[in-house]
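Shared between the two complexes below is chain A, which pairs with chain B and chain C, respectively.
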Partner chain A sequence: MTEAALPQSRRAPIREATAWDRLKTNRNWLGFWFMVPAAAFLILFLAYPLGLGIWLSFTDTRIGRPGEFIGIENYEWVLGDRKFQDAVFNTLFYTTIASIAKFAIGLYLAILLNHHLPFKAMIRAIVLIPFIVPTVLSAIAFWWIFDPTFSIISWTLKEMGWRTTNINFLGDTWNARWSVIFANVWRGVPFIAITLLAGLQTVPPSLYEAATLDGATRWQMFRFITYPLLTPIIAVVMTFSVLFTFTDFQLIKVLTNGGPAGATELMATMSYNTAILGGKIGEGAAVSTAMIPFLLGAIMISWFGLQRRKWQQGED
Partner chain B sequence: MASVTIRDVRKAFGNVQIIHGVNIDIADGEFVVLVGPSGCGKSTLLRMLAGLENISAGDILIGDRVVNHVPPKERDIAMVFQNYALYPHMTVADNMAFSMSLRNAPKAEIKERVDKAAKILGLEKLLERYPKQLSGGQRQRVAMGRAIVRDPQVFLFDEPLSNLDAKLRVQMRTEIKELHQRLRTTTVYVTHDQIEAMTMADKIVVMHDGIVEQIGAPLDLYDRPENLFVAGFIGSPAMNFIRGKLGSGGFLADGGFHLPVGAAPAGSDGKPVVYGLRPEHIRIDSAGVPAEVVVLEPTGSETQVVLRAGGQDIIAVFRERLTAKPGEMIPIAPSLPIAHLFDAETGKRLVA
Partner chain C sequence: MSAAETRADITDNREGMSYLDTLPRRVVTVYIPLFLIMFVLLFPFYWMGLTAVKPKEELVDFERSNPFWTWAPTFEHIYDLIFKTEYPRWLWNTMFISVVSTVLALIASVFAAYAIVRVRYKGASTVGGLIFLSYLVPPSILFIPLSTVVYQYGLFDTPFALILTYPTILIPFSTWLLMGYFKTIPFELEECALIDGASRFQILMKIVLPLAVPGLISAGIFCLTLCWNEFIYALTFINTHANKTVPVAIVTAFTDGDQYRWGSLMAGALVGSLPLVILYSFFVEYYVSAMTGAVKE
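This part shows the complex of A and B:
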């Protein structure tokens, strides 16, 4: 106490803090200053392209010709376009089915890997492989797997005598849809499995022992302990999964390029095909801007799901 | 409620034998404390009782049923874990109700039992809280509540107080004891704290390196420890061990002084023995052995003194205040007529 009081008496009378002083030292403002570089970075590389894309969707820009503001004309055209409606359906179908499958398989794998298995480390490494391989590479691999004449699946089925003809994986409307979903699931499962595994490992083993003594069956332990404790992580990982799947581009581009007859055209590939290949940048921008409400919707859902649950909070 | 019988139980993890044949009989309604140093296999034994570890050899009986291969949930036991293992995503009420709701018990019955347990433990106001919102002592009580609601045959406690501060530990000790007196449920309680064992137990089981050293009522263990390990483990500060020989004039310490021995065991002349002397059984006696005061530690209610006699440190505790200063000599003598004598080779108590 005394040490603190002494120098004060010697010091000049304290001057009023100016607004600038406060800006320099106030904790909230300090936080602001620390955020500036990151914010600048984000604005430059995220907000600017986003803004530009949205702006372009209100113009009739074409490749090689700056456009003029035409209001919502592009949207009117896009919304009335049969191809766009199909792309929305395809995207929703693709995202829903693939995400559900990835979640189910990922969770199953995570639970499996959380048990004591022989060669556990190796199995975990193997599970990660699809995630490590570059998308384009795995897409090319699948392209071969789904090839109309050289498909290994068709070959196997024929060798086993279950079929006499090749399967037309990518040439038939529904076959193509299921095939790309399969490839996407294959690629997406490791991310979910490993993340959920990390989540599973945070559940203290004594909770399961307590539940065992309380008389819980394996299923009840999963239902009443594992699952609720995992929900925060599930919410995060599934949000990411849905966002990535919804905006998927590479896999479709390589495997089917939207075909056959637009059966696997997603909004992302349609936007690219319209804007870059078709040269109609305004319309293409409108297609991709139309993805934003869907993505926002997905984020909102998970945001509410993600809100810290009461039991996670320390004090009330 | 039920008795528990542990018959020649062994446990090995892989090749390592951890429990080497343990026999314990626990009567219906008894409060038994397993005590021993860290790593001696107390938790392992308790977990075998609960069914969380399987039994390598021997039998465990609850009532008169061998439960070796009975799954935990059918053993009708409840356990309080050292870290409480409360379900973090459930309220206090749900934590306590969990076992009953798994069995699809009627809502009204669940509520009645939870309320009753909450009342016993003073948790009524906390029923809607989550474990994170509770203090350590409250969590401990919830963990007990979870066990009480089950109304099991046997309660198992694994060091339930070791995460609490000293004051709360004393308070919870009393609460658990009181609870047992009210419910009279057979209880097995594990601790490494011998004071907890002494104050709570009807019967203490002292374990060491996977074997049972002695079983008995707290004061029996204190008065007649069967071997050097139990003698050194029970009592605080620990018993002084003085090495020496038995002779015609009583006990002759290696340090050159004599101590009286009540009735020396016959035919033990010249035998190397260890003389056990509890710190609280030392008095100042002008005819006693002169000892140098090394350190004085007054605690208020008593004074703990480290003395040195014949080159050996001896700890003594006096109720009265001492005026002696370090470096001074004071004469000491044992205040009990009967000495604790142990065979220096086997460590076993020599029966007088």
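This part shows the complex of A and C:
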């Protein structure tokens, strides 16, 4: 067999590279073919809608009726609307408080988990469970925990004699705000703790040993060793956290649906209510487009965080 | 970060300087705070599970029995859920949509990540940066225009509305993660294969992918949980009751004002989370490496 095959192949002349060959082997064409599936998804269902959303915010589109260009009328209406101003305030308040709390508790939990513990792997797996369970489903559990009459927290406080009445968790303006922030922090802490823990594990223990020999206190060790080495990962983690807290929708939709009287209405829920429930797609798109400047701010912070990381690694 | 490294982290039992701490000090500074945090993190699940098996009359009666325990667990709520509602259908929808969009996203990401890292066409690093940026575009600002797009394409109210839109959430993440994995595979292996006459496609299929299996599992498991968790698209693009996914269906179906609905709501939440939690418990290390890897890159 081989003897018969060999002369055959020796006789074959070297072909000129055809256009088809070039499409198959040229670096740039190959790259293009490999990118097609991902690019198709991202252009059709991400880039195009993103642009379309900005365009829609300049039109008076309704559900079932194509709109016409009306300039910045939607933005004028939205910016003058009391509900929108409240939603911006609520969103900023919710994001700021929840992010600070998540960061503080997450970092604390990460430091706790970085100790030498029995069943460390199991504890770490359990800590992550709130992050695995779908937000809506855990929000339903919180809804029940925050029930105005059958809340287990109210019951416990009453049994212990600390209160005589039920707490109206979701019916009162500030109670509702703190309750949704608590639920958000509850869900966000595991993510921050586990990612920061991964960062903590890369800090060489010898640094702490050296600091101990130099007589550093625990706070000094945290401030001058742990914190600087952790900054880059903190920057990235917090950017994600801020980004997803700012655009939060699920938790509010399930727990309060923006109530009571708009006290927990965020920009995301407001755009849903305006565009999908109210049918005013143009105005809704303006509300959600108004989130973009804030998100860009968060991304810039992440970018500067990454720059700093490169500098720490000794690259330019 | 590879899965092997993560495993080393988990089994890391080095004591470091902790021998300097006395036991009482450790109890106060480590164990008690840790216990409190774990308690708060897990209590809602206990409460969910307990409510799901409590008899109806105990649900809203805290006077005659201690609400923290029940001596007469019942499967009534779970039975009602499975046989009297469309819950199995919703669960099936959720699984089907999650699995299909995860597979689609993984296929697209494998090609994209390989091309960016190894084919290195002109502008590959720019494309990598763009993909990272698209990771930062949240669904909350996309759902309004996407709903009109989905309507135009005639996908509204079909599972395809979700199957085709979920990958936009998954592809940026998994491409970014797989890029990190592919970078760790030695270039020499591919050079050998190229010299032996393998095409780029063959190299990807026969050399790179088998070596990147841990990365694929990490990305897949993370994508699956993201899909399962997705709410805003599913709420906006699906109208028919039978086509809904668990998170949307449960919010819209049981909120009828019945004060005993809590039993079925909690049973629904429990049954809806269990498959994910069980899956997660088998792949904890992969999941953690996906999460930390995505942040570190």
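A few remarks follow.
Quick note on the criterion: the second predicted complex is superposed on the first by the 267 of 316 C-alpha atoms of A that agree within 3 Å, B and C clash if a C-alpha of one lies under 4 Å from a C-alpha of the other, contacts with A are read in each partner's own complex, and residues count from 1 in each chain.
In this section, contacts are C-beta pairs under 8 Å (C-beta built on N, C-alpha and C of every residue); 3 or more make two chains touch, one makes a residue touch a chain.
All values reported here derive from a predicted model rather than from experimental measurement.
Looking at the shared chain after the overlay, A:Gly53 reaches chain C, while chain B stays out of its contact range. Legend: residue contacts after superposition of the two complexes on their common chain; A:Glu209 is shown touching both chain B and chain C. Of the two partner chains, chain B is the only one that A:Gln220 touches; chain C does not reach it. Considering which of chain B and chain C touches more of chain A, the answer is C. Of the two partner chains placed by the overlay, only chain B lies in contact with A:Leu229; chain C stays clear of it.
In the superposition on chain A, contact is made by A:Ala198 with chain C only, not with chain B. In the superposition on chain A, contact of A:Gln250 is made with chain C only, not with chain B.
Looking at chain A, you'll find residues 209, 212 touch chain B in one structure and chain C in the other. Here chain A touches chain C in the complex through residues 24-25, 27-28, 30-32, 34-42, 44-50, 52-53, 56, 61, 105, 108-109, 112-113, 115-117, 120-121, 123-130, 132-138, 140-142, 144-145, 147, 149-150, 152, 155, 186, 189-191, 194-195, 198-199, 201, 205, 208-209, 212, 233, 236-237, 239-240, 243-244, 247-250, 253-254, 268, 271-272, 275-276, 281, 284-285, 288-289, 291-292, 295, 298-299, 302, going by the rule given at the top. Chain B makes touch with chain A in their complex at residues 50-52, 72-73, 77-79, 81, 83, 85, 87-90, 98-99, 102-103, 129-133, 146, 150. By the touch criterion stated above, chain A contacts chain B in their complex at residues 204, 206-207, 209-216, 220, 224-225, 228-229, 309-316. Residues of chain C that touch chain A in their complex: 1, 9-18, 20, 26, 30, 33-34, 37-38, 40-42, 44-45, 47-48, 51, 59-60, 62, 67-68, 104-105, 107-109, 111-112, 114-116, 119-122, 124, 127, 131, 133-134, 136-149, 164-165, 167-168, 171-172, 175, 199-200, 225, 228-229, 231-232, 235-236, 246-248, 250-251, 262, 265-266, 268-269, 272-273, 276-277, 280-281, 284, 287-288, 291-292, 295-296.
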